[in-house]
Structure formats: C-alpha cells, structure tokens
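Structure in structure tokens, see below.
Note that the chains are named A, B, C, D and E in the order they appear, and that numbering of residues resets to 1 at the start of each chain.
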C-alpha cells in the first residue's frame, strides 16, 4: 500500500517539476513549483520526518510561493484583476517582448 | 674576510652609492673609483692561476644551500664585466652625461642601472649551485630590462619584447632546475655532476632543450635572437656599449658551466639524433653557424649604425660557441679568446658610433659621410674596431678567428668552416659599409662645423684601440688567461707563447705576421709619401669633376642604401630571419587569450560546470 | 544544440548517480552519530522531539549559522531593494480580504506561538513557528497596504531575538564553560517546561525568523514595481 | 582554555545588534565592528605567535565529537583565523558615509564570522553552513554599489553559487549515506568505505560545490564581473581570504580521507585548466580590476595544483602559495580602489603617485616569482614537488605553470611600462595617503618576509607538518580512538 | 531495482535533482532559473532525508509510538531544516535582485543582461568599444537598449 502512495506522489512531483520548466506563463510555473513543494512535504511525512514536512509545507510551499508571486507582481509580469482599471490578461510580457523584439 | 668577500662588498657598495649619490656632480668619479676598487679586489682573489676562492658567507633558504665560489672561468668573465663597466662609466661621465640630462633623462637612474647590472653579473659568475645561478640570472634579467627601458618609447617596447624572451628563458631554466632537483635531490653543482652520468639520453635531451633555450635566449642563439638588436641599440650610450660587451656573454658562461663543465663534450657527442648522422654537439654547432650567418646578413641591410653593430654582436656570439664546441685545445682557446677580443672590439666600435651620434645627432648611415677630416681619432678607433671585427691580421679579432678556423679544418668539419667563412664575408661587407658611410666619401654641409669627440669620450676609445692592437700583436697574456680557464673546465690546454700558439700543425706567431704586415705598410707609405710628387692640401668641399665645380648639395658619391644591388640579389633568400617564428608565437598566445576570454563572455556557462561534474563522475567510476 | 548537449550530460550524470546510489545500502544506512543520539537524546537534553534536540542542542552552531544566513538574506534584500515607495501603489484589499485578515491575525498568532513553544515536544519549533508568525503579520499588510509595517520595530525585534539566542549561548559558556550547552535542568520528559533552555532558544529563533520574513515580504511588497 | 568560539560568535552578536544600534546612535554602530574585530584579534594573536603544543579542540555544548560539532584549532586554522581578523580590520570601510552603512557593516561582520568559522570548524555540514553564510553575505556586499552591472554580476554569482551549494549538499548526502557521520575526524578513522567510486563522487561534488568560491575553472566565470563591479575592499577580501578558506575545506578532506586515491589527480587536472584559463584571459583584460581578477584565478589554480601533491610537501607548497597570494592580491585590490579605470586611462600615472606605481611593480615582481621575493620560493616549492611527482599529468602541470608565468610576466609589465610612460596630463593620483595604506602595509610585510625568509619558512613547515599529519588530527579529536587503533596495524 | 518504497523515493529525489539541474543549465530567463533552483534544492533535501531513513522505523519523537520500534535518524532532518531555510533565503534575495534588474534594464534574459553588463562596465571604465575589425563579422551587433533614465 505504502509503495503505491509513494509511486503516485513521486509521479505527481516529477510531472509538476516538468511543468515548472515547460509552462509558458510564469505564474503557472510558480504554482507548479508550489505543487512540487507540497508533494515533497507529503513525501517527508511518508519518510517519518514530520518536522521537515511542516517546514517544507510552511516555508517551501507557503513562503517561497508568496515571495515568487510578489516578485512577479513587482516585475509587472502578472496583473491582478481591477488593477487600476485596465483589465490585463495573464499574458507574460516576456513572450510579448519576443514578438516585438 | 677574504678577497672575494671584499669584491662582493665593494660591488654592493658601488651599487649603493650609485643609488644614493647618482644625481650629484661627482657621482662619476666615485663610481669609477668603485669599479677600480672592484678590479683590484678581483686581481687579489687570484682565482685565475691560484686556487678557486669561495665566499665566506653562504645562505641556506628552505634547506637549500646557496654559496658562491670564484674559479678561473668566473675570474675571466668578471674581468671583462668590470673592465666594460669601468670603461662605459668613464665614457658616459662628463660631457655625454650633461647632454643626456639636458634631454630630460636622469643620470642617477642610469648609473644605478649600470651598477645593478655589474653587481648581478659579479653575483652570477660566482654561482656554485643552480639556486644562486638562477638568483643572479633573474637579477641580471631585471637589471637589463631596467637599463633598456630608461629612454621610454621605442626603447620601452624593445625592452618589453626582451622581457618576454628573457622571462620565458628564465622559466625554461626553472623547469630544468625542478627536473634536476627531482633527479639529483639537490641543486648543488657537485651532486648534479655525479647524478648526470646516470641520466638517460632522453632526460639529457630534455635538459639540453630547456637549458639550451634558456641560456640561448640570453646569448641570442638563432631562433631567439630577434630581441637583441633593437634592445641593445636603443639603450643609452654607455649602457649599449656595456651590454654588447658582456651582457649577452652571460648566457655563454652558463652554457660553459653546464654543458662543458658538467655534462662534458664527450657525452654530447654520444647523444645521437636517431635517423640522422648528427649528434648533440653537431646540432649546437650548426645552430652556432646559422647564428653567425643570418644576423650578419641582416646587419648588412641595416640603415642605422647602432642596429648594424648590434646585429653583429649576435653574429659574433656564434664563433664563440662554435670554437668551444670543437673541443680541441686550439678550438676552445679560439672560442674563449674571442669572448675577450670581441668584447673590446664591440665596445670600441659602439663608443665611436655614439661619439658620432653625440656630435652629429644622428647615426643614420644615409645622412652621414666624410667625417674623417673632422673626427680623425674617432675614425681611427672605428678603423681598428672594424679590422678586429672582420678578423683581419693586425688586430685581436684575427687571432681568435684564426684559432677557430684552424680547429675546424684540422678536426675535419669543412661544412662548418665554409659556413663560418660565409659569415666572415658578410662581416667584411657590412663593416666596410659602416666606415664608408660615416667617415669616407663627401662631407655634408650641416657637418661642416663638427668637432672631434670630447676628451672624456676619447680616452676610453683610444685606450681600447691600443688594447685591440696589442692583443693582436702579443696574444700571449690573453692566451694565458684562456689556458687557465681551459684547465679549470677540463678541456685540453693550448700551449701558447708570447706571439701565438704551437700545435701539431706548426701553429702561428703573430709577432712575425704583424711585423711583416707593418713592414709592408711602411714600404707602401714610403713609396706613396716619399716618391710621389708635391701634393697640395685641398679643402674637402672644393671638388671638381669633369671641369665643373661640384656644389656640396649634389651628391656625387654613392652613399644612399649602400649595397642596394647586393640586397636586390640575395634579399629574397631570407625575409627577416625568423620574424615568422616570433609572429607565430605571438598570434598563438593571442588566439588562446581570445579563446579563454570567450569562456568569460558566455551568458549561461553552467553547461560547462555540468560537463565538469560529468567528467568527474566518469573519472571516478 | 545547447539543449541537446544539456540532455546528453544530464542523461550521463543521471546514469552514474543511479548506478552509484543503487549500489549503496539504501534502506538501512549505517547509523553512527544518529544511534548515539537516539538512545541518550532523551536523558541528556530532556526534549521529546529529538530533531529539535539535535537542532538546538547538539548542533546548535548550525542553527546559529542558519539564523545568520536568514539575517544576511534579509539585510541583503533590504540593501538591494533600497528605496521604498512612499505611497504603496497596490489597491486596498477587498472587504472579504480585510475581514478575513482581521479574523485570521489572532488565530495565526496563537498557532505560531503554540508551534514555537511546543517545539521540543511535538514536531515543529523555532523556524516553522516563525514562518507562521511572519504570515500572521503579513496578512494585514496584504489587506491594508497603506498601513504597512513599522520596519524600525521589526529590525529591533530581529536584533534583540538574535542577541538573546547568542546571549543564552554565552551564558552557558560562562556558566558551564561550553557554548550553547543546555542549562536549567531537564525537567520531566513531555512536560511543557522541560528540556532546559531549549524552549527559550526556540522562542528566540521563532521571533527572529518571524520578524525577518515579515520585514522581507513587506519590503518586497513596497518595492518600486515596474509600471509597464 | 581560550574560548575558541568567541571569534566566531562575537561578530555574529555585533552583526545582529548593529542595525538596532544604528537607530539609536550612529557612532556606536560604526565603532561596534572594529571593536569586535580587534577583540577577536587580541584573543587569537597570542596563540598564533607562540602556538600551544596541542591544538585546541572545542566540543560545542560539551557534546562528545561524533554527536555535537567540534571546533578544531590547530596552528593552520589559528593562522587563518588571525588572518581573517587582521585583513577585515585592514579593509574595513573606515570612512563610511554610505547611506546603508548599518547594513553594510552587518554584512561585513557576518562575512568575518563565517570566514573564522570556515577556518576553525571540524564538522562537514557546519563548514557548509558557514560557506553558505559567506556566500549570502558576499552577495549583499557585491551589490553594494547598486549600479546595473553590480546587480547583474550579483545575480550571476548567486546562480552559480546556488548551483554549487546544491551539488555540495548532494555530496554531503552521499557521504552521510555511506558513513553515517559528519565529523571530519571520524570520517578519517576508517576511510576505506569512501575510497570507492561513490566516495570519490561525493568528493567530486564537493570540489564543484566549494570550487565556486575557490575560483575553480568551470565555475569561476563570475570572478571578473564581480571583482570589476564590486567595491575594491570587498574584492580584496573575497579574492584574498574567502577563496583560500574554501580551498582549506577541500584540503582537510584531502588530507584526512582522500589522501591516496584518484582525488589529487582531479584537483591537479582542474588546477591546470584554471591556471590556463585564468592567465590567458588576463592577457586580453583591458581594465585593471579585471586583470588582477584573472591573475587571482591563475594563482588559485596554482594553489589547487600544490595541494594535489602528495604528503606534507604538497600542503607546505599550497599553504605557502595561498598565504603569498593573500598578501599580494589584497594589496593589489587595495590599489584598485583608485585605479579602477581602464589600463589606457592609467598611462603615466606614476608621475603623480610614484609610491603606488612602485608598490605595483613590487607586487608584480613577487607575483611572477623573482628570486629574492617570497613569490619565488613558493613557486620553486610547487615546481620541485611536481617534478618529484613524476606522473605525466605532473609534468604537463609543470610546463603549464612555466608557460603561464611567462605570459603573466608579460602582461603585468606591459602595464608597468604604461605606468611609467611620460605623459603630459597624467591621471589624478591617490587623493590621500590613507587610501593605499593597506597596500603599503602589505608591501612592507612582503619585504619583511623577504628579509626573514628562513624563520618564516621554518614556522610554516611546522604548521603544515601538523596539518598534514592524519593520525595526529584523529587522535586529537578522538583520544579513545587512538587506544583502539593501537592494536590494529 | 526492485520497486520497493525506498528506491521509488530515490528515483523521485534524483529525478527532481536532475530536472532542476537541466532547468538551471538550459534556460536563460532569470525567473525560470530561480524556479529551477527551487526544484533542485527540493530534490537534494529529499535525498538528504532519504540518507537517514531506515525501513520500518518511526519518527524520532519520544513518547509516541511503541517503545521497542527503532527510530529514524534525526540528524539529516535537522540538516534539511537548515537547508530548506537557506534555499528560501537565497531565493528571496534572487527575486529581489531580479526586480531591481528588471526595473533597471527592462529584461530578464541573461544574454541581454550580459551584454548590458559588459557595455556599462566598459563605459564606466572608459574602455573603447572593440573596433569593427575585431568584432566577429557574423550577425549585426545587438541594437543598443533605448537609454533608460539614469539613476541619481
């Protein structure tokens, strides 16, 4: 039983890892990274390391995602709805840059 | 406190007082006194005929002992060094130095550099183990670089080029020292001399390559000779005279110590080059011969007197190596004697050329001419010098070259002899160009009011000319020094007498040769002056040709680009004699620099780091 | 071409890593230092949670190093982000966010303090509690960006907490001649006030980490964004 | 028993307190740093001048070595700890006036603490934490000037350092998997399990991990940018001091565990590459800081080659080269404080500042190894060791060092000649004497070492004898291990 | 390579590490590099915990599970705790630097940033731009970024 759970989780984590590298939208990549972090923290629980699981969940999934999202916001690569009126689709500007470069 | 300690102390003291009192008015006499004192101390060491004398202090650094010892060879070289130092300081003091300071350079720095050179040479020739040899070697390299780079501009660039060569040579020697240390366990000459026989031929070839190139660079042997001419020519007057006399010969000293003293010519002969009939000695001999030929014919093309003489300095070095390599009593005597003879010749010639430069402001052969009437004594010095440089009878150069030629012929090396002769032919052609373009021919208008060289420059020049003549007339004393050196180096000793040499083929006696020559000149002079009709003194510029008065502006005498025809004939044979080698090395270094700098230009070089990790994994697995 | 080379290298490295790792005793690694701590950890330090015992007692130096790394990171972020925007351009949080943040703040505070104080008993400790405290202080900033956080106070708390950690260590140095040695007796295993100075140390760590991360996130929040 | 822990802990305490103190009174905050550094210098200097017979082994928290962390203060570690305190005082930002002065002082103190920790610690993961602390503190310090290039250089430096620390952590995991302990001495007790491919791969990963700061070849692409854009004081400390401490970690591992395996060969190979790439790129460098940055890469390659030599000869050669480079490179970066422009712009600046130009020539002479100066003795030690090694790679190393030194001599003196060229409007010299005081002091130290080379050499030989002695290290940390080792051969 | 519990996790850990390294090596976009770094660190942390895991053991908390059951090794867990927080610290610094760089240069692409770095340094130090003879003939040089408002 334990093997199947571990197998599923590892597959989930690895696929989320691949997603992090392949997704076009940066915000999607950040979300994928937090999924990886959560998956790893559950793996830590399986590995009888509750302390580390708690840290990974709080720091890895929580904090780093917040920091990355704030970073994206400051880079202007991701807009929240109703941000000073002009609705802006979640289009990462770096792809737009490539088009007009 | 034996005489050797006194010599070292005095040398250091001279350097110190040059450093402190260099700028003051009475710096020159003080330095002359210093060199004279060192000369006396050297005579007291009596290392030539007496027992070798060793320094009482010896340094031990990182449990490597460093001590100094003077024997006949070191005495011989120290004699030339101190003599050259004394004469060039004398030549460079007084009038010449005032003119040098008016040109914006500092006299103190020149004196210090010269004293530093002498001190490092005195240190180098006394070396008793590789560490003190390398210490003296590097000090000499840097002192030479310092003296060369004094005048800035072209001199600085030539000095930098010299530094590139000299430092690579130093590194080659350091590499050889590391190999010797690994092989013999110590850097002393004695243990190395004992461990050399056990070395295999391959190791000896590596040592020959490293030490040969290291010492060869300093001597200006063929592939590494390109730096010497511009560097020596661009150095200020006395420095150039000093360098050409002895600085290049330190490479020969080191070669003598290692290849002749420790490895021994017999062992060189045994080192066969596979698939050829050549052996180690032949290789070096052929390099020496080519060193005679190529620079001499490059000298032929030069348009500046200093460059012409500097190129000859390289060429003459080949005779010395050739003579020593023959190995017989006569050959090595000729090689060693040529060191002394060439030293006094080259210094005299350069002093004369710099005297002309001092008076007329230029040494460009195409803008000089007809100074024999204005500067007769300088002309005389130059005449004596070029006769000795070309190796013609009355002068000293003839004795040593004759010894070398006789040795080459009697030892059955005809091809080497022919090469040497071609070199001498080139020398005769270029020295004639030298004296013709400067002194003979039509006087130029602007040199109308040129005076004779000042007294302070004339004394060293004339004393040297006298020395050249006497060394040629009575070679006995100089041959005695050479015999002592041969005994110390383990070469067969030449048996000499006041006039010349006895050997299996009869030998020669200079006293007879020169007396007959002088007698012939005497008769010729009698006929010319005595029987000839009354002669009328005519002013130099009062010339007629074909009934027309020749104004001084039009040149009726062939003095521009002397030998243009000859150059047209043999010019294409050799481009710049090995310029391509230097350019090739330079471009390789530039390419590597560009390649490595490229790595630091990559935007995302983590791929290389990953490759390194994979490399380690493969290496480890 | 670069990606191809990268794939090749990664494949090669992966092959070597797999081969080497699977030759080692994966399931049962040799237990040397760990075994000693497992048996006598409870007695000497008196902490139920052995990981916290290792973290704050046995390998106290690592945690001190860890604290100073976080401090260095926060200072460096402060240095890099430099000037803070005077008026925060982010919009006010919606009603739900403001009401939620008011409700969540005390709750997160309690959870954070609980995790810190019970660090030596249950899984958790200085770091985890600190992060929760940081979240507790950051949520109101998200809700009302205008008010922001008082950076002076934060750096004050941060400095003092760090000094407290080292102070306890120095106190142990002077008392027992060994830096960071647990003092104040072991107490009964499992009780709240047990394991000597460990709870104090984890409190210091918690406060420091909390203040630092809150300061870090707020300065990132207030940094001058790019308005394109 | 000197509290060996204070030189590490006091700077940390000061770093934490400097920011709150700065709010209260700037003066105390400014003075805090120098006071703390002088106290640690005063603490460490006596035991470096007349070293204690036995090295100072300090178990933190009184926990026996395999459990807790142990600080091992043998003469080599104390020497480096002293050097840290001394050089941080020498290159402290005395004038201040930087808007973020409190933050900069805090980061400098953190760097000092981590450097001392790197020198003294005897536990592998603790070394990794201090190494990471030094890295993060140097990121902050490098981005001090806040200009564009400084930030980009910091980010590139951060990325390669993070890549290195990930690999180092993987190495530590691999090592822990095989031995179950992190204490260096315990690793050395029975190094057999680590001699196999897995152990060597762990060492390889750690070489790459710690090689980032030690400017090893494939990982030193950050060096020219960072040293050209960071303030000269910081570059002096990073290039001179921190890089040596990173190499010290690898030296401990090499001496204790990987003495007679293939590890030295790897270091030798990477050292040759580092020297080759460093010095040849310096040939084309067009500005002063980048030129000495490349030459520092070259010198560190020499340190790696020296450490790869077997036995105490290698340790002696490596430490000699490292200390000489520490002295010369920091002094050169001291000069770079004012000479930060391009080489052309500095032409003829010897007329205004003859002393600085003379100092540069002195350092250049010692760097390339001209006999009377100590640089020559260190180089001859390395070359003699390589010649004794005798393997083909050793001879290529020998040839590479010689070739590279010739190139180095050329580009250093190409610049020296430019300095002494006669130019009408010579560039502005050093405004005040204080600016190149560190270089002056280091130049005087260099000359002092030249004159008293023998006593310095004997002291250094004693230090390295102790450092290279594997069983001595193990018996110091594990006295009881000595008992059980006696019976088995 | 029996598919037991531990070997699956080792595959997962090594897979994450290799994915992270692949991301670090190939992309040149600064933000993706930071994400790849986070991946690699998660992989290594998993690896470190695995090196302390013993099959069938219980977490190192005294007083919970049965007494006789062996416990997992606590030391790697302490190490991983430190490693995670180091990772986040470095990540936060990287994001902050990325924000400042994006504001200064307007791009996060390392190739463009490297060109800006060289250009600004050369301008600051007064090095003349390479003459056309030395520049590679190939593609036309990078079009200069429009001059941004210089910082005070």
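Please note the rule applied: contacts are C-beta pairs under 8 Å (C-beta built on N, C-alpha and C of every residue); 3 or more make two chains touch, one makes a residue touch a chain.
Nothing here was measured: the structure is a model prediction, and the numbers come from that model.
Student: Which chains sit in contact with both members of the pair subunit B and subunit D?
Tutor: Both subunit B and subunit D are touched by C, E, going by the contact rule given at the top.
Student: If we look at subunit A and subunit D, which chains touch each of them?
Tutor: Output, common partners of subunit A and subunit D: C, E.
Student: I'd like the most central chain, judged by C-alpha centroids against the all-protein C-alpha centroid.
Tutor: So the chain sitting closest to the middle is D.
Student: Measuring from the mean C-alpha position of subunit C to the mean C-alpha position of subunit E, what distance in angstrom results?
Tutor: Centre separation, subunit C to subunit E: 20 Å.
Student: Just give me the whole-number Å value for how far the CA centre of subunit A lies from that of subunit E.
Tutor: It comes to 14 Å between the two C-alpha centres.
Student: In whole angstrom, how far does the Cα centroid of subunit A sit from the Cα centroid of subunit B?
Tutor: Distance between chain centres, rounded to whole Å: 77 Å.
Student: Residues of subunit B touching 2+ other chains?
Tutor: Residues 602, 604, 606-607, 610-611, 613, 617, 621 of subunit B each touch two or more of the other chains.
Student: Considering subunit E alone, which of its residues make contact with at least two other chains?
Tutor: 4, 11, 17, 20-22, 24-25, 45, 50-53, 59-61, 73, 75, 77, 79, 81-82, 85-86, 89-90, 92-93, 95-100, 102, 110, 113-114
Student: Could you list the positions in subunit D whose residues touch two or more of the other chains?
Tutor: Each of 125, 129, 132, 136, 139-140, 143, 146, 151, 154, 159, 163, 174, 176-177, 180, 182, 197, 201 in subunit D touches at least two other chains.
Student: Which of the chains touch, listed as pairs?
Tutor: A-C, A-E, B-C, B-D, B-E, C-D, C-E, D-E
Student: Help me check something: in the complex, which residues belonging to subunit D touch subunit B?
Tutor: 159-160, 163-164, 167, 197, 200-201, 204-205, 207-208, 217-219, 221, 224, 262, 265-266, 270, 276-277, 280-281, 283-284, 365, 368-372, 376-377, 379-381, 383-384, 386-388, 390, 398-399, 402-403, 405-407, 409-410, 413-414, 417, 420-422, 453-454, 457
Student: Going by the contact rule at the top, pick out the subunit C residues touching subunit D in the complex.
Tutor: It is residues 16, 20-21, 23-24, 26, 29-34, 36-37, 57-62, 64-66, 68-69, 71-73, 75-76, 78-80, 82, 152, 155-156, 158-160, 162-163, 166, 169-170, 172-173, 176-182 of subunit C that touch subunit D.
Student: With touch defined as at the start, can you tell me which subunit A residues reach subunit C in the complex?
Tutor: Subunit A reaches subunit C through residues 49-55, 58-59, 62-63, 66-67, 70-71, 73-76, 80, 82-84, 93.
Student: Residue numbers of subunit D touching subunit C in their complex, please.
Tutor: Residues 1, 3, 5, 9, 12-13, 15-21, 23, 59-63, 66-69, 100, 103-104, 106-107, 110, 113-114, 117, 121, 123, 125-126, 129-130, 132-133, 136-137, 139-140, 143-144, 146, 151, 154, 174, 176-183, 186, 197-198, 201.
Student: Which residues of subunit B touch subunit E in their complex?
Tutor: So the residues of subunit B touching subunit E come out as 601-604, 606-607, 610.
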